[in-house]
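Listed below are the structures to be examined.
One chain, chain A, links the two complexes that follow: it is found with chain B in the first and with chain C in the second.
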Partner chain A sequence: MIEVNNLVKTFDGFRALDGVTLKVENGSVYGLMGPNGAGKSTLIRHLLGVYRQDEGDVVYDGEKVWENVAVKSRIASIPDDWFYFGQATVKDMCDIYKGMYKTFSIERFKALKDAFNIEENKTIKYLSKGMQKQVAFWLALSTMSDYLILDEPVDGLDPVMRRRVWSLIMDDVSSRGTTVLVSSHNLRELEDVCDHVGIMNHGKVVLERSLSELQDNMVKLQVVFKEGEEEPTMDGIEVLHDSLTGRVHTMIVRMCPESAVKAVKKYDPMLVEAIPLTLEEIFVYEMGGLENEIKNILV
Partner chain B sequence: MKSRTSLFSKTIFIKNLTRLWPVWALFSLGGLITAFASHTSTFMRQGDFYAITYLDARSVYYNMIPVGIPIASFIMSVVVFANVFNYMYTTRGTVFFHSLPVTRNALFVTNAVSSYVMVVIPQFVGWFVFTILAITKGAFDPKGAFTCLYAILAISLLMSGMSLISAQLTGRTSSMVLLNISSHFFFSVTGAVIATFYSGFLYGIRGETFPAFNYLSPIVGLMGNIKVSERSDYAPTIVNGETVDIYRILDVTIENLSLVGVYLIVAIVLILVSYFLYKARSSESATEVVAFKGVRPILLYSYAVVAAIAGAIILNSMLDYAYNSTYSPVRMVFFIIFTSLIAYYVGKMIIERSIRVFTKKTMPGAIIITVLMVALTIVLASDPTHKVTSVPDVEDVDSIIIATSSGEFFLEEGDEELMQYVISTQKKIAELGDHYESFGENNWYFSISFYYNLKNGKTETRSYDMSLYKQYLTDHDSLESLLDEFVNTEPVVEKIYHLNGNKLKNDCLSVAISTGSEEGYYYGDNLEKGDVEKFRSALLKDIREKKTPRIDIFSMGDYNEEALATCDFMDYIEGDGDSDYVYTGGKMLLNAAVNSYRQHYFWGRVDVVPEMTNTVNLLKELGYKLPEK
Partner chain C sequence: MIELNYRDSRPIYEQIEDGFKKLIIGNVLKKDEKLPSVRLLATKLSINPNTIQRAYNELESKGYLYSVPGKGSFVNGITKVDEEKIKELIDEILEKIKELKYLGMTDKEIVKILTEEMG
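The block that comes next holds the complex of A and B.
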């Protein structure tokens, strides 16, 4: 488990991280979201043991990451701007990863060659940005690490490759229990893969929830009451939003879908139908007081 | 989960060496070429009929130490360390390396060791190849070989230490390279700039240096202080049935090799400091010009002070239309304010990476440096130690060289009375002050230098450039009358012509006969040794019979229309050194000459005018056809 406790980092008087606290359970995929400048990359560099915090802790399974080779050898990362040596080929970088990570699997590396379809002897700097990113994934996944820390990982990849990369990552999560922390400023990007999300803004985690928790506790209902009857007050149902188009009410209700339908049916409507909410809608209605933060990640 | 840490990463070590192989391979090739060239030149000098000895090999090994090794390791260290530590200067580089499962300790050690190895490899290749060649020629010299190897390892470590500390202090490749290169010369340049500035205010003080500053600049320190000397002769050798004189090295010695040991200790200190800096260095300092905030003001003020002084000197030389030989304090205060502000704000712009530095926040720094520099200028201009008018006591003086535009003369033991006169004359010149103005129709340029070789081994130099006016010649208190009296005082005249019992030995005396017209002279042969003595006797007789014309301070060194002949003479004193000789136009200080060279040469000249009947008759006796005037 990754635990970040009250992490503080200040750059020239600017508090880039202002008491960040979060937990990532083993085998889960944690989506870290937030607008540009929220502190996501700074947090990730602390998670990788690159930056030293002013206050707080970053621990993996109870072990601090700072200058801890044993912990770091279990973490593979893909930063937003991946480093490679100027004249290095894929093979050269593979040699470095192989030398640095004891868990590096050359069989996996060879197996993934088909997925990425890039020649090993290609000089990386001559590859397109998207292909360079693919090489980064190729090598990171070949390390067979317990933790994958990804900073804006699929930027630059085409839709097909994005799907393929996420498929490979999710295979690792399901087969090996890999723990993934992935940052993005785009909520729609992550809603299909994350089981936990955290939203950062101004150096703080302003919201942290499990996706199932969010989805199980909120539902969109479309309800039509019988003509001529007085519309009920819906006592006992927390309605976050209600809009009327013709005779169709569209309600956002804080309840699990089954309970919500059951509760509405008590009022004998002509029609009641539960529609799943998108992650975007959940955040909009869940975070009434955090509208600005949500707006930024929904853009 | 117990973390196992290692101080070395084999993967990174191999990666560094393999990715930078073209650099060290090319330099190794250079090392090979150098080794072959050194050997070949030695071989060719001896000729293919004469086998080289271990002393020839030792000469090559030793001669690599003061120049070849420092320069090679300096260039290699700049190139290699900038490449290996380049990752620290980009965010992507630091994120990559510092997220790898390797400690900062191991990263530092591995990168430092691999860089050092790459600095050493090319030199080692050169050393190895030369050693093999020496062995095959039967000229292997273990002492020279191991001394040279020790120097390669130690000097390379010093250069590596300096590169390492530059790498830690900076956050950009460009600033790392600049700091690395400049640190090798910074103190030497600082010493020279301060000495120039300091002596610029002091009339007569020139060439003041601060030797200690040179030791702080390793390349200058090594090149200037480690000296290799060879003792040699020409041995008669029978080659193909004929006796030929063959150049033969009898001994090769190296002085101040202990300096390499001192620098080795410095290198270890630098590396240790660099290690702690690396550990303290934050990854987020990548892209900063100076990585540590605390170091920024030190570098800013150090470089700004030197730049301000150098700028003021340059500005003065550009704008000083009067060509004064000493600085005008008022003008220099104005210049130093101007250059201090420029140096400070340019430095600030570089460090802050912004042109928006003219803020209230930076104002105190600008004021501090300006006030300090103005204060320094005023203090130096006021000559607090009274160096301008101070003269040595005659009891402390071992010898004096006096140089004018028409030659040099030399006072030594036994000349104490004349020395006192010279010292008091020099003091009066200093008290009369700067007399250097633009050269014009009514004034004449005159220069005189006094080189005092003191008994304590030190030297003092006073050099005066001045403008003389003929109208002041009759004024008893004037500089003109003082100099006129000085150069025409009989004992001084005799010294000017290298006469009167001093220890100078004649090397040659050449006679140039006037053509009798403005076309000038044609040159005769050098006089034979015996004729030189006759010439000296005749000249001395002319002086004592007052037949030599008064020496004209307004035309010393100029073409003399009255002269029937001009005689140039070169005399020397014996030194204790091994080197053959030195002649540096009077600028060579005698103590150094005596210690390092066999001979130190002095040049002089006499214009033979018709009134000098003794000399004229001698020249005629010797067969010279003098023109009728």
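The block that comes next holds the complex of A and C.
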């Protein structure tokens, strides 16, 4: 289990992390999302024990990560700026990883060769950006580590390779119970692979939920009330957002889909229909008023 | 076996659930046949294993599946009546009848079609 407690990090007086608290259960896939500059990568560097926090803790199964080799050797990562030695070939980096990770499996490394289809004796520097990313995945997945920390991992990978990489990770999650934390802006993709999501903004985690909770607790409704009648006040229904196009209300309601429909039907509308929300829509509504901001820019 | 449609607004677990329901009702998956393991399906579709587990749990609670600990999930045949689904389908039929009436069909004509269909 990864636990982050009230983490604070200040750069030149700017609080990049302003009391981050989050929890990732073992065997779960945690998706970290948030607008640019929210502090995702800074948080990830603390999770990897690269940055030293000003306040708070980063704890793996009860042990602090900072300067702790035993904990760090259980974590494989793909940071946004993956490091390799200047002239190193894939094989050289494999040897370095083998030295760092006791659990490194050379059998797995050989087996994954087919999946990635890159020559072992190629110098990494001369590979394309996407292929370098593939090498990073190849090595990270060969470590057989308990934790996998990924910062925007599939950026630069082609669609076929994305799917292949996610398949490999999902196989690890279901067979070995690997714990994964992944940051991404591709919410469509996060929705497939995550079971928990956290939204960061201004150096804080503003929302942390399981995906099923999110799907069961918020719904979009299209409602049309009868003509000529006064619009009901919708007492007891928590409406987060309501927009009117013609006579059709589009409402975002914090309720499970069935009870929301039932609750609105009491007002005898002409039409009521529940539409599930995508993660992207949830993100937008939770960030609040994005529509208004866009409007202001357009005006 | 199961195809996910990313333009579909239904959540993924629901798509999987509906996909298996269709296969079971259409008798493509026969009684006591084993369903693919959670791990296999997670890897094949590259989605979270918990999502698949959730779909399997839903199907089990609705009586389409039974599970044997350590062995996996199996098709139950249709033994339990899925009241919810029946209500949903009736609502759909009523909706369509409304539409037909709007397009100018009379009650008599609709009844005639329905009785013909029933034999």
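In this text, the second predicted complex is superposed on the first by the 220 of 299 C-alpha atoms of A that agree within 3 Å, B and C clash if a C-alpha of one lies under 4 Å from a C-alpha of the other, contacts with A are read in each partner's own complex, and residues count from 1 in each chain.
Here is the rule we use: a residue touches a chain if its C-beta (ideal position, glycine included) is under 8 Å from a C-beta of that chain, and two chains touch if they have at least 3 such contacts.
What you are looking at is a predicted structure, and each value in this text was computed from that prediction instead of being measured.
J.: Let's test your reading of the overlay: on chain A, do chain B and chain C clash or fit side by side?
T.: With chain A aligned, chain B clears chain C, so fit.
J.: After the superposition on A, what does A:R52 contact: first (chain B), second (chain C), both or neither?
T.: A:R52 contacts chain B only, not chain C.
J.: Based on the superposed arrangement, let me know which partner A:W82 touches: chain B (first), chain C (second), both, or neither?
T.: In the superposition, A:W82 touches chain B alone.
J.: What is the contact status of A:K91 with respect to chain B (first) and chain C (second): first, second, both, or neither?
T.: So A:K91 meets neither chain B nor chain C here.
J.: Is A:K125 contacted by the first partner chain B, the second partner chain C, both or neither?
T.: neither
J.: Who touches more of chain A, chain B or chain C?
T.: On the superposition, B touches more of the residues of chain A.
J.: Applying the touch criterion given at the start, work out whether A:V193 contacts chain B, chain C, both or neither, answering first, second, both or neither.
T.: Once the two structures are laid over each other on A, A:V193 reaches chain C alone.
J.: Between chain B (first) and chain C (second), which, if any, makes contact with A:K262: first, second, both or neither?
T.: In the superposition, A:K262 touches no partner, neither chain B nor chain C.
J.: Chain B to chain C: minimum CA distance in the overlay, Å?
T.: The answer is 27 Å, the least C-alpha separation in the overlay.
J.: Would you tell me which residues of chain B are touching chain A in their complex?
T.: For this pair, the touching residues of chain B are 1-6, 9-12, 14-15, 19, 87, 90-104, 282-284.
J.: Of all residues in chain A, which touch chain C in the complex?
T.: Of all residues in chain A, those touching chain C are 28-29, 163-164, 166-168, 170-171, 173-175, 188, 191-195, 211-212, 215, 275-276, 278.
J.: Quick one: in the complex, what on chain A touches chain B?
T.: Residues of chain A touching chain B: 11, 45, 48-52, 61-63, 67-73, 75, 77, 79, 81-83, 85, 87-88, 92, 95-96, 98-101.
J.: What part of chain C is in contact with chain A in the complex they form?
T.: Those residues of chain C that touch chain A are 6, 9-14, 38-39, 42-51, 54.
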